[in-house]
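Order of writing sets the chain letters: A, B and C. Residues in each chain are counted from 1.
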Amino acid sequence: MSENGTKRLALVASKGTLDQAYPPLILASTALAMGWEAGIFCTFFGLNLLHKQRLGHLQVSPIGNPAMPPPIPAIEALKVPNIVGMLPGMTAMATMMMQGMMDKARMPSVKELLDICIEGGVELFACGTTMGVMGIEQKDLIPQAKCAGATAFLSYAADADVSMFI
Amino acid sequence: MSENGTKRLALVASKGTLDQAYPPLILASTALAMGWEAGIFCTFFGLNLLHKQRLGHLQVSPIGNPAMPPPIPAIEALKVPNIVGMLPGMTAMATMMMQGMMDKARMPSVKELLDICIEGGVELFACGTTMGVMGIEQKDLIPQAKCAGATAFLSYAADADVSMFI
Amino acid sequence: MSENGTKRLALVASKGTLDQAYPPLILASTALAMGWEAGIFCTFFGLNLLHKQRLGHLQVSPIGNPAMPPPIPAIEALKVPNIVGMLPGMTAMATMMMQGMMDKARMPSVKELLDICIEGGVELFACGTTMGVMGIEQKDLIPQAKCAGATAFLSYAADADVSMFI
(Lines give C-alpha, C1' and ligand atoms only; values in the text may rest on other atoms or scores of the structure.)
Protein backbone atom coordinates (compact mmCIF):
# COMPACT_ATOMS: atom_id res chain seq x y z
CA MET A 1 0.00 0.00 0.00
CA SER A 2 1.32 3.47 -0.80
CA GLU A 3 2.03 6.03 1.91
CA ASN A 4 -1.35 7.72 1.51
CA GLY A 5 -3.21 4.45 2.05
CA THR A 6 -4.23 3.94 -1.59
CA LYS A 7 -3.79 0.47 -3.04
CA ARG A 8 -1.00 0.23 -5.60
CA LEU A 9 -0.27 -1.91 -8.68
CA ALA A 10 3.34 -2.13 -9.91
CA LEU A 11 3.97 -3.69 -13.30
CA VAL A 12 6.95 -4.44 -15.49
CA ALA A 13 6.13 -4.50 -19.22
CA SER A 14 8.93 -6.36 -21.04
CA LYS A 15 7.21 -7.54 -24.22
CA GLY A 16 6.37 -5.47 -27.27
CA THR A 17 3.95 -7.54 -29.32
CA LEU A 18 0.30 -6.55 -29.68
CA ASP A 19 -1.03 -9.48 -27.64
CA GLN A 20 1.44 -8.87 -24.84
CA ALA A 21 1.11 -5.09 -24.76
CA TYR A 22 -2.53 -5.36 -23.73
CA PRO A 23 -2.19 -7.01 -20.30
CA PRO A 24 -0.19 -4.23 -18.58
CA LEU A 25 -2.44 -1.55 -20.07
CA ILE A 26 -5.66 -3.40 -19.18
CA LEU A 27 -4.46 -4.13 -15.64
CA ALA A 28 -3.25 -0.57 -15.00
CA SER A 29 -6.39 1.07 -16.38
CA THR A 30 -8.57 -1.37 -14.40
CA ALA A 31 -6.62 -0.53 -11.24
CA LEU A 32 -7.27 3.18 -11.89
CA ALA A 33 -11.00 2.50 -12.26
CA MET A 34 -10.89 0.76 -8.86
CA GLY A 35 -9.31 3.83 -7.26
CA TRP A 36 -5.83 2.29 -7.06
CA GLU A 37 -2.65 3.96 -8.19
CA ALA A 38 -0.52 2.20 -10.77
CA GLY A 39 2.91 2.29 -12.36
CA ILE A 40 4.37 0.54 -15.39
CA PHE A 41 8.11 0.06 -15.76
CA CYS A 42 8.78 -0.48 -19.47
CA THR A 43 11.94 -2.38 -20.28
CA PHE A 44 13.43 -4.25 -23.27
CA PHE A 45 10.71 -4.76 -25.93
CA GLY A 46 8.14 -3.26 -23.53
CA LEU A 47 9.63 0.15 -24.29
CA ASN A 48 7.51 0.01 -27.45
CA LEU A 49 4.53 0.94 -25.26
CA LEU A 50 6.07 4.37 -24.73
CA HIS A 51 7.49 4.72 -28.24
CA LYS A 52 5.76 7.46 -30.26
CA GLN A 53 6.10 5.70 -33.63
CA ARG A 54 6.03 2.03 -32.64
CA LEU A 55 2.97 1.97 -30.34
CA GLY A 56 0.58 2.30 -33.27
CA HIS A 57 2.25 -0.57 -35.14
CA LEU A 58 2.55 -3.41 -32.65
CA GLN A 59 2.22 -6.82 -34.27
CA VAL A 60 1.34 -10.39 -33.43
CA SER A 61 3.63 -13.26 -34.40
CA PRO A 62 2.07 -15.83 -36.74
CA ILE A 63 4.78 -18.36 -35.84
CA GLY A 64 6.34 -19.85 -32.74
CA ASN A 65 3.11 -19.80 -30.72
CA PRO A 66 1.19 -23.05 -31.12
CA ALA A 67 -1.48 -21.58 -28.81
CA MET A 68 -2.56 -19.11 -31.49
CA PRO A 69 -6.21 -19.91 -32.25
CA PRO A 70 -7.15 -20.77 -35.87
CA PRO A 71 -8.71 -18.01 -38.05
CA ILE A 72 -12.10 -19.67 -37.62
CA PRO A 73 -11.98 -20.61 -33.94
CA ALA A 74 -14.23 -23.66 -34.17
CA ILE A 75 -12.08 -25.36 -36.82
CA GLU A 76 -8.77 -26.38 -35.24
CA ALA A 77 -7.62 -27.87 -38.56
CA LEU A 78 -7.35 -24.33 -39.97
CA LYS A 79 -4.44 -23.47 -37.64
CA VAL A 80 -1.71 -21.76 -39.64
CA PRO A 81 1.43 -23.98 -39.72
CA ASN A 82 4.83 -22.35 -39.20
CA ILE A 83 5.86 -23.05 -42.80
CA VAL A 84 3.00 -20.83 -43.97
CA GLY A 85 3.23 -18.36 -41.07
CA MET A 86 6.81 -17.49 -41.93
CA LEU A 87 5.91 -16.30 -45.43
CA PRO A 88 6.12 -12.56 -46.15
CA GLY A 89 2.95 -10.71 -45.21
CA MET A 90 1.78 -13.25 -42.65
CA THR A 91 2.78 -11.15 -39.63
CA ALA A 92 0.62 -8.33 -40.99
CA MET A 93 -2.16 -10.84 -41.67
CA ALA A 94 -2.06 -12.34 -38.15
CA THR A 95 -2.03 -8.84 -36.69
CA MET A 96 -5.00 -7.78 -38.82
CA MET A 97 -6.94 -10.85 -37.77
CA MET A 98 -6.27 -10.42 -34.06
CA GLN A 99 -7.07 -6.71 -34.33
CA GLY A 100 -10.32 -7.68 -36.03
CA MET A 101 -11.20 -10.06 -33.20
CA MET A 102 -10.36 -7.30 -30.72
CA ASP A 103 -12.56 -4.76 -32.50
CA LYS A 104 -15.39 -7.30 -32.58
CA ALA A 105 -14.95 -7.87 -28.84
CA ARG A 106 -15.05 -4.05 -28.47
CA MET A 107 -11.64 -3.83 -26.88
CA PRO A 108 -10.12 -0.36 -26.93
CA SER A 109 -6.88 0.01 -28.88
CA VAL A 110 -3.54 0.01 -27.03
CA LYS A 111 -3.32 3.73 -27.83
CA GLU A 112 -6.71 4.39 -26.20
CA LEU A 113 -5.75 2.35 -23.14
CA LEU A 114 -2.44 4.20 -22.84
CA ASP A 115 -4.33 7.51 -23.00
CA ILE A 116 -6.60 6.34 -20.17
CA CYS A 117 -3.50 5.40 -18.18
CA ILE A 118 -1.90 8.79 -18.82
CA GLU A 119 -5.04 10.75 -17.91
CA GLY A 120 -5.45 8.69 -14.76
CA GLY A 121 -1.91 9.41 -13.69
CA VAL A 122 -0.28 6.00 -14.13
CA GLU A 123 3.46 6.39 -13.57
CA LEU A 124 5.25 5.46 -16.80
CA PHE A 125 8.88 4.51 -16.27
CA ALA A 126 11.19 3.96 -19.26
CA CYS A 127 14.10 1.70 -18.32
CA GLY A 128 17.19 3.79 -19.03
CA THR A 129 19.49 0.76 -19.00
CA THR A 130 17.72 -1.05 -21.86
CA MET A 131 16.80 1.98 -23.99
CA GLY A 132 20.24 1.80 -25.58
CA VAL A 133 19.91 -1.94 -26.18
CA MET A 134 16.63 -1.36 -28.04
CA GLY A 135 18.04 1.56 -30.02
CA ILE A 136 15.68 4.03 -28.38
CA GLU A 137 16.41 7.60 -27.33
CA GLN A 138 14.44 9.82 -24.96
CA LYS A 139 13.14 11.87 -27.91
CA ASP A 140 11.51 8.71 -29.38
CA LEU A 141 9.33 8.33 -26.31
CA ILE A 142 6.12 10.08 -25.31
CA PRO A 143 6.73 13.07 -23.02
CA GLN A 144 5.05 11.33 -20.06
CA ALA A 145 7.75 8.62 -19.99
CA LYS A 146 10.08 9.08 -17.05
CA CYS A 147 13.57 7.67 -17.64
CA ALA A 148 14.44 5.51 -14.62
CA GLY A 149 16.37 2.46 -13.48
CA ALA A 150 15.46 -0.79 -11.77
CA THR A 151 16.09 0.89 -8.40
CA ALA A 152 13.21 3.31 -8.98
CA PHE A 153 10.94 0.43 -9.92
CA LEU A 154 11.81 -1.72 -6.91
CA SER A 155 11.28 1.25 -4.57
CA TYR A 156 7.87 1.79 -6.17
CA ALA A 157 7.01 -1.92 -6.05
CA ALA A 158 8.05 -2.32 -2.41
CA ASP A 159 4.92 -0.37 -1.43
CA ALA A 160 2.62 -2.08 -3.93
CA ASP A 161 -0.20 -4.48 -3.09
CA VAL A 162 0.26 -6.35 -6.35
CA SER A 163 3.47 -6.51 -8.43
CA MET A 164 3.75 -8.40 -11.66
CA PHE A 165 6.27 -8.92 -14.46
CA ILE A 166 4.67 -9.12 -17.88
CA MET B 1 -3.46 -12.91 3.28
CA SER B 2 -7.14 -13.70 2.79
CA GLU B 3 -9.76 -12.62 5.31
CA ASN B 4 -9.75 -15.98 7.09
CA GLY B 5 -6.00 -15.81 7.68
CA THR B 6 -5.05 -18.39 5.06
CA LYS B 7 -2.14 -17.59 2.78
CA ARG B 8 -3.17 -16.88 -0.80
CA LEU B 9 -1.56 -17.26 -4.24
CA ALA B 10 -2.99 -15.20 -7.14
CA LEU B 11 -1.84 -16.06 -10.64
CA VAL B 12 -2.49 -14.81 -14.16
CA ALA B 13 -2.06 -17.47 -16.84
CA SER B 14 -1.64 -15.75 -20.21
CA LYS B 15 0.22 -18.35 -22.28
CA GLY B 16 -1.24 -21.46 -23.85
CA THR B 17 1.72 -23.62 -24.86
CA LEU B 18 2.48 -26.88 -23.06
CA ASP B 19 5.67 -25.61 -21.44
CA GLN B 20 4.00 -22.44 -20.21
CA ALA B 21 0.77 -24.07 -19.04
CA TYR B 22 2.64 -26.08 -16.42
CA PRO B 23 3.95 -23.29 -14.17
CA PRO B 24 0.54 -21.89 -13.06
CA LEU B 25 -0.83 -25.40 -12.49
CA ILE B 26 2.28 -26.58 -10.60
CA LEU B 27 2.36 -23.43 -8.45
CA ALA B 28 -1.37 -23.52 -7.66
CA SER B 29 -1.40 -27.23 -6.80
CA THR B 30 1.73 -26.81 -4.67
CA ALA B 31 0.09 -23.91 -2.83
CA LEU B 32 -2.92 -26.16 -2.12
CA ALA B 33 -0.64 -28.84 -0.71
CA MET B 34 0.84 -26.20 1.62
CA GLY B 35 -2.62 -25.28 2.91
CA TRP B 36 -2.81 -22.04 0.93
CA GLU B 37 -5.74 -20.96 -1.18
CA ALA B 38 -5.10 -20.16 -4.84
CA GLY B 39 -6.72 -18.56 -7.86
CA ILE B 40 -5.79 -18.52 -11.53
CA PHE B 41 -7.05 -15.80 -13.85
CA CYS B 42 -6.83 -17.19 -17.39
CA THR B 43 -6.55 -14.59 -20.13
CA PHE B 44 -5.53 -14.46 -23.80
CA PHE B 45 -3.83 -17.78 -24.76
CA GLY B 46 -4.03 -18.89 -21.11
CA LEU B 47 -7.75 -19.49 -21.65
CA ASN B 48 -6.63 -22.78 -23.24
CA LEU B 49 -6.14 -24.11 -19.69
CA LEU B 50 -9.90 -23.96 -19.18
CA HIS B 51 -10.84 -25.02 -22.71
CA LYS B 52 -12.48 -28.45 -22.84
CA GLN B 53 -11.05 -29.43 -26.23
CA ARG B 54 -7.75 -27.54 -26.29
CA LEU B 55 -6.33 -28.49 -22.86
CA GLY B 56 -5.51 -32.02 -24.00
CA HIS B 57 -3.70 -30.75 -27.10
CA LEU B 58 -1.32 -28.07 -25.88
CA GLN B 59 1.88 -27.92 -27.90
CA VAL B 60 5.47 -26.78 -27.65
CA SER B 61 6.99 -24.55 -30.31
CA PRO B 62 10.01 -26.04 -32.09
CA ILE B 63 11.05 -22.59 -33.34
CA GLY B 64 11.65 -19.13 -31.94
CA ASN B 65 13.06 -20.39 -28.62
CA PRO B 66 16.83 -20.82 -28.79
CA ALA B 67 16.69 -22.02 -25.16
CA MET B 68 14.99 -25.26 -26.24
CA PRO B 69 17.36 -28.09 -25.24
CA PRO B 70 18.56 -30.48 -27.97
CA PRO B 71 16.83 -33.88 -28.30
CA ILE B 72 19.83 -35.54 -26.64
CA PRO B 73 20.58 -33.02 -23.89
CA ALA B 74 24.30 -33.65 -23.69
CA ILE B 75 24.88 -32.92 -27.39
CA GLU B 76 24.30 -29.21 -28.01
CA ALA B 77 25.13 -29.66 -31.70
CA LEU B 78 21.88 -31.59 -32.13
CA LYS B 79 19.78 -28.48 -31.45
CA VAL B 80 17.04 -28.20 -34.07
CA PRO B 81 17.62 -25.11 -36.26
CA ASN B 82 14.62 -22.93 -37.14
CA ILE B 83 14.82 -23.92 -40.81
CA VAL B 84 14.13 -27.51 -39.78
CA GLY B 85 11.81 -26.64 -36.90
CA MET B 86 9.42 -24.81 -39.20
CA LEU B 87 8.77 -27.89 -41.36
CA PRO B 88 5.36 -29.56 -41.13
CA GLY B 89 5.12 -32.06 -38.29
CA MET B 90 7.90 -30.53 -36.21
CA THR B 91 5.56 -28.89 -33.69
CA ALA B 92 4.02 -32.31 -33.04
CA MET B 93 7.50 -33.80 -32.83
CA ALA B 94 8.77 -31.20 -30.35
CA THR B 95 5.62 -31.66 -28.27
CA MET B 96 6.03 -35.44 -28.27
CA MET B 97 9.64 -35.14 -27.19
CA MET B 98 8.92 -32.72 -24.35
CA GLN B 99 5.97 -34.86 -23.25
CA GLY B 100 8.32 -37.85 -23.26
CA MET B 101 10.82 -36.00 -21.06
CA MET B 102 7.96 -35.04 -18.74
CA ASP B 103 6.70 -38.59 -18.49
CA LYS B 104 10.24 -39.79 -17.75
CA ALA B 105 10.52 -37.14 -15.02
CA ARG B 106 7.15 -38.46 -13.73
CA MET B 107 5.42 -35.12 -14.07
CA PRO B 108 1.62 -35.34 -14.00
CA SER B 109 -0.15 -34.19 -17.17
CA VAL B 110 -1.67 -30.69 -17.32
CA LYS B 111 -5.08 -32.38 -17.17
CA GLU B 112 -4.15 -34.21 -13.96
CA LEU B 113 -2.79 -31.02 -12.41
CA LEU B 114 -5.93 -29.11 -13.37
CA ASP B 115 -8.04 -31.84 -11.73
CA ILE B 116 -6.00 -31.49 -8.53
CA CYS B 117 -6.57 -27.72 -8.67
CA ILE B 118 -10.31 -28.19 -9.18
CA GLU B 119 -10.64 -30.73 -6.38
CA GLY B 120 -8.64 -28.48 -4.05
CA GLY B 121 -10.90 -25.54 -4.77
CA VAL B 122 -8.57 -23.30 -6.80
CA GLU B 123 -10.62 -20.37 -8.14
CA LEU B 124 -10.55 -20.52 -11.93
CA PHE B 125 -11.35 -17.19 -13.55
CA ALA B 126 -11.89 -16.96 -17.33
CA CYS B 127 -11.18 -13.44 -18.58
CA GLY B 128 -14.44 -12.34 -20.19
CA THR B 129 -12.77 -9.51 -22.08
CA THR B 130 -10.34 -11.72 -24.01
CA MET B 131 -12.62 -14.75 -24.55
CA GLY B 132 -13.99 -13.02 -27.64
CA VAL B 133 -10.50 -12.20 -28.91
CA MET B 134 -9.52 -15.87 -28.63
CA GLY B 135 -12.76 -17.04 -30.28
CA ILE B 136 -13.91 -18.80 -27.12
CA GLU B 137 -17.45 -19.00 -25.73
CA GLN B 138 -18.56 -19.98 -22.23
CA LYS B 139 -19.76 -23.36 -23.53
CA ASP B 140 -16.21 -24.20 -24.71
CA LEU B 141 -14.90 -23.94 -21.15
CA ILE B 142 -15.02 -26.40 -18.28
CA PRO B 143 -17.98 -25.78 -15.96
CA GLN B 144 -15.69 -24.71 -13.08
CA ALA B 145 -14.49 -21.66 -15.06
CA LYS B 146 -15.97 -18.47 -13.68
CA CYS B 147 -16.29 -15.71 -16.26
CA ALA B 148 -14.77 -12.56 -14.74
CA GLY B 149 -12.94 -9.33 -15.52
CA ALA B 150 -9.64 -7.83 -14.45
CA THR B 151 -11.44 -6.11 -11.57
CA ALA B 152 -12.30 -9.47 -10.00
CA PHE B 153 -8.70 -10.58 -10.35
CA LEU B 154 -7.20 -7.44 -8.83
CA SER B 155 -9.63 -7.64 -5.89
CA TYR B 156 -8.55 -11.25 -5.36
CA ALA B 157 -4.86 -10.43 -5.74
CA ALA B 158 -5.00 -7.47 -3.36
CA ASP B 159 -5.34 -9.95 -0.47
CA ALA B 160 -2.75 -12.41 -1.82
CA ASP B 161 0.65 -13.10 -0.29
CA VAL B 162 2.14 -13.89 -3.69
CA SER B 163 0.85 -12.63 -7.06
CA MET B 164 2.44 -13.53 -10.34
CA PHE B 165 1.80 -13.04 -14.05
CA ILE B 166 2.72 -16.08 -16.13
CA MET C 1 9.59 -8.77 4.52
CA SER C 2 11.96 -11.45 5.78
CA GLU C 3 12.17 -12.39 9.46
CA ASN C 4 15.13 -10.10 10.11
CA GLY C 5 13.29 -7.07 8.73
CA THR C 6 15.20 -6.87 5.45
CA LYS C 7 13.19 -6.31 2.29
CA ARG C 8 13.04 -9.34 0.02
CA LEU C 9 12.68 -9.95 -3.73
CA ALA C 10 11.51 -13.38 -4.90
CA LEU C 11 11.78 -14.19 -8.60
CA VAL C 12 10.99 -17.11 -10.85
CA ALA C 13 13.20 -17.29 -13.96
CA SER C 14 11.50 -19.53 -16.53
CA LYS C 15 12.99 -18.33 -19.82
CA GLY C 16 16.44 -19.12 -21.18
CA THR C 17 17.04 -16.69 -24.02
CA LEU C 18 19.60 -13.90 -23.72
CA ASP C 19 17.02 -11.12 -23.67
CA GLN C 20 14.93 -12.84 -21.02
CA ALA C 21 17.83 -13.96 -18.84
CA TYR C 22 18.75 -10.35 -18.12
CA PRO C 23 15.65 -9.18 -16.21
CA PRO C 24 15.93 -11.59 -13.24
CA LEU C 25 19.67 -10.96 -12.94
CA ILE C 26 19.31 -7.17 -13.23
CA LEU C 27 16.45 -7.09 -10.71
CA ALA C 28 18.21 -9.36 -8.20
CA SER C 29 21.52 -7.51 -8.40
CA THR C 30 19.71 -4.16 -8.11
CA ALA C 31 17.86 -5.44 -5.04
CA LEU C 32 21.21 -6.40 -3.49
CA ALA C 33 22.56 -2.91 -4.14
CA MET C 34 19.54 -1.52 -2.31
CA GLY C 35 20.25 -3.68 0.73
CA TRP C 36 17.46 -6.18 0.00
CA GLU C 37 17.83 -9.92 -0.02
CA ALA C 38 16.87 -11.78 -3.17
CA GLY C 39 16.19 -15.27 -4.45
CA ILE C 40 15.77 -16.67 -7.97
CA PHE C 41 13.93 -19.92 -8.57
CA CYS C 42 15.10 -21.22 -11.94
CA THR C 43 12.68 -23.54 -13.71
CA PHE C 44 12.14 -24.89 -17.23
CA PHE C 45 14.34 -22.93 -19.70
CA GLY C 46 15.37 -20.61 -16.85
CA LEU C 47 17.60 -23.42 -15.57
CA ASN C 48 20.04 -22.25 -18.27
CA LEU C 49 20.97 -19.40 -15.90
CA LEU C 50 22.54 -21.94 -13.56
CA HIS C 51 23.94 -24.21 -16.27
CA LYS C 52 27.73 -24.20 -16.39
CA GLN C 53 27.98 -24.68 -20.16
CA ARG C 54 24.82 -22.98 -21.40
CA LEU C 55 24.99 -19.65 -19.51
CA GLY C 56 27.78 -18.37 -21.75
CA HIS C 57 25.87 -19.26 -24.91
CA LEU C 58 22.39 -17.81 -24.43
CA GLN C 59 20.84 -16.64 -27.68
CA VAL C 60 18.19 -14.30 -29.00
CA SER C 61 15.54 -15.51 -31.41
CA PRO C 62 15.52 -13.72 -34.78
CA ILE C 63 11.97 -14.96 -35.48
CA GLY C 64 8.59 -15.02 -33.79
CA ASN C 65 9.08 -11.67 -32.05
CA PRO C 66 7.77 -8.81 -34.19
CA ALA C 67 8.87 -6.43 -31.41
CA MET C 68 12.53 -7.06 -32.26
CA PRO C 69 13.97 -3.69 -33.32
CA PRO C 70 15.58 -3.42 -36.78
CA PRO C 71 19.42 -3.61 -37.02
CA ILE C 72 19.50 0.14 -37.57
CA PRO C 73 16.91 1.30 -35.05
CA ALA C 74 15.78 4.40 -36.92
CA ILE C 75 14.90 2.47 -40.09
CA GLU C 76 11.87 0.29 -39.39
CA ALA C 77 11.91 -1.00 -42.98
CA LEU C 78 15.10 -2.91 -42.17
CA LYS C 79 13.28 -5.24 -39.79
CA VAL C 80 14.29 -8.84 -40.49
CA PRO C 81 11.30 -10.81 -41.83
CA ASN C 82 10.69 -14.34 -40.50
CA ILE C 83 11.52 -15.88 -43.88
CA VAL C 84 15.03 -14.47 -43.58
CA GLY C 85 15.28 -14.88 -39.80
CA MET C 86 14.75 -18.61 -40.04
CA LEU C 87 17.80 -19.15 -42.27
CA PRO C 88 20.83 -20.90 -40.77
CA GLY C 89 23.14 -18.54 -38.92
CA MET C 90 20.50 -15.91 -38.23
CA THR C 91 20.09 -16.83 -34.55
CA ALA C 92 23.83 -16.32 -34.08
CA MET C 93 23.57 -13.06 -36.04
CA ALA C 94 20.66 -11.70 -33.97
CA THR C 95 22.49 -12.69 -30.80
CA MET C 96 25.66 -10.97 -31.94
CA MET C 97 23.76 -7.81 -32.78
CA MET C 98 21.91 -7.66 -29.47
CA GLN C 99 25.15 -8.41 -27.61
CA GLY C 100 26.77 -5.56 -29.54
CA MET C 101 23.97 -3.18 -28.52
CA MET C 102 24.37 -4.36 -24.91
CA ASP C 103 28.13 -3.80 -24.95
CA LYS C 104 27.57 -0.32 -26.43
CA ALA C 105 25.05 0.42 -23.66
CA ARG C 106 27.74 -0.84 -21.21
CA MET C 107 25.57 -3.58 -19.78
CA PRO C 108 27.46 -6.25 -17.88
CA SER C 109 27.25 -9.77 -19.33
CA VAL C 110 24.82 -12.29 -17.81
CA LYS C 111 27.86 -14.09 -16.38
CA GLU C 112 29.06 -10.91 -14.67
CA LEU C 113 25.58 -10.24 -13.28
CA LEU C 114 25.31 -13.82 -12.01
CA ASP C 115 28.68 -13.43 -10.27
CA ILE C 116 27.41 -10.25 -8.57
CA CYS C 117 24.31 -12.17 -7.47
CA ILE C 118 26.42 -15.05 -6.11
CA GLU C 119 28.82 -12.75 -4.24
CA GLY C 120 25.89 -10.82 -2.79
CA GLY C 121 24.29 -14.00 -1.51
CA VAL C 122 21.26 -14.26 -3.80
CA GLU C 123 19.58 -17.62 -3.17
CA LEU C 124 19.72 -19.65 -6.38
CA PHE C 125 17.12 -22.41 -6.48
CA ALA C 126 17.17 -25.00 -9.29
CA CYS C 127 13.73 -26.52 -9.80
CA GLY C 128 14.22 -30.23 -9.23
CA THR C 129 10.95 -31.13 -10.94
CA THR C 130 11.84 -29.58 -14.30
CA MET C 131 15.57 -30.43 -14.35
CA GLY C 132 14.67 -33.83 -15.79
CA VAL C 133 12.39 -32.27 -18.39
CA MET C 134 15.22 -30.02 -19.57
CA GLY C 135 17.75 -32.87 -19.59
CA ILE C 136 19.80 -31.29 -16.84
CA GLU C 137 21.56 -33.04 -13.96
CA GLN C 138 22.89 -31.53 -10.73
CA LYS C 139 26.49 -31.89 -12.03
CA ASP C 140 25.64 -29.60 -15.00
CA LEU C 141 24.78 -26.73 -12.66
CA ILE C 142 27.02 -24.29 -10.82
CA PRO C 143 27.78 -25.40 -7.25
CA GLN C 144 25.77 -22.51 -5.77
CA ALA C 145 22.52 -23.88 -7.26
CA LYS C 146 20.33 -25.40 -4.58
CA CYS C 147 18.03 -28.12 -5.88
CA ALA C 148 14.52 -27.34 -4.61
CA GLY C 149 10.82 -27.63 -5.38
CA ALA C 150 7.99 -25.17 -5.77
CA THR C 151 7.25 -25.54 -2.05
CA ALA C 152 10.61 -24.03 -1.16
CA PHE C 153 9.99 -21.14 -3.54
CA LEU C 154 6.49 -20.36 -2.26
CA SER C 155 7.75 -20.43 1.35
CA TYR C 156 10.48 -17.98 0.35
CA ALA C 157 8.08 -15.78 -1.63
CA ALA C 158 5.48 -15.67 1.17
CA ASP C 159 7.82 -13.37 3.08
CA ALA C 160 8.87 -11.28 0.08
CA ASP C 161 7.95 -7.65 -0.56
CA VAL C 162 8.00 -8.15 -4.30
CA SER C 163 7.49 -11.48 -6.13
CA MET C 164 7.58 -11.82 -9.88
CA PHE C 165 7.48 -14.57 -12.50
CA ILE C 166 9.79 -13.91 -15.43
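Here is the rule we use: a residue touches a chain if its C-beta (ideal position, glycine included) is under 8 Å from a C-beta of that chain, and two chains touch if they have at least 3 such contacts.
The structure displayed is predicted, hence computed values, not measured ones.
Copies subunit A and subunit C of the same chain sequence form an interface built mainly from non-equivalent positions, shared numbers / all numbers used being under half. Matching the C-alpha atoms of subunit B with those of subunit C calls for a turn of 120 degrees, to the nearest 5.
Chain centres here are Cα means. That of subunit A falls 20 Å from that of subunit C.
Listed for subunit C are residues 61, 63-65, 86, 163-165, each touching two or more other chains. Of all the residues in subunit C, the ones that touch subunit A in their complex are 7, 9, 19-20, 22-23, 26-27, 30-31, 33-34, 36, 61, 63-70, 72-74, 76, 81-83, 86, 98, 101-102, 104-105, 107, 161-166.
The touching residues of subunit A, when paired with subunit C in their complex, are 10, 12, 14-17, 43-45, 48, 53-54, 57-65, 85-88, 90-91, 95, 129-136, 149-151, 154-155, 157-158, 160, 163-165.
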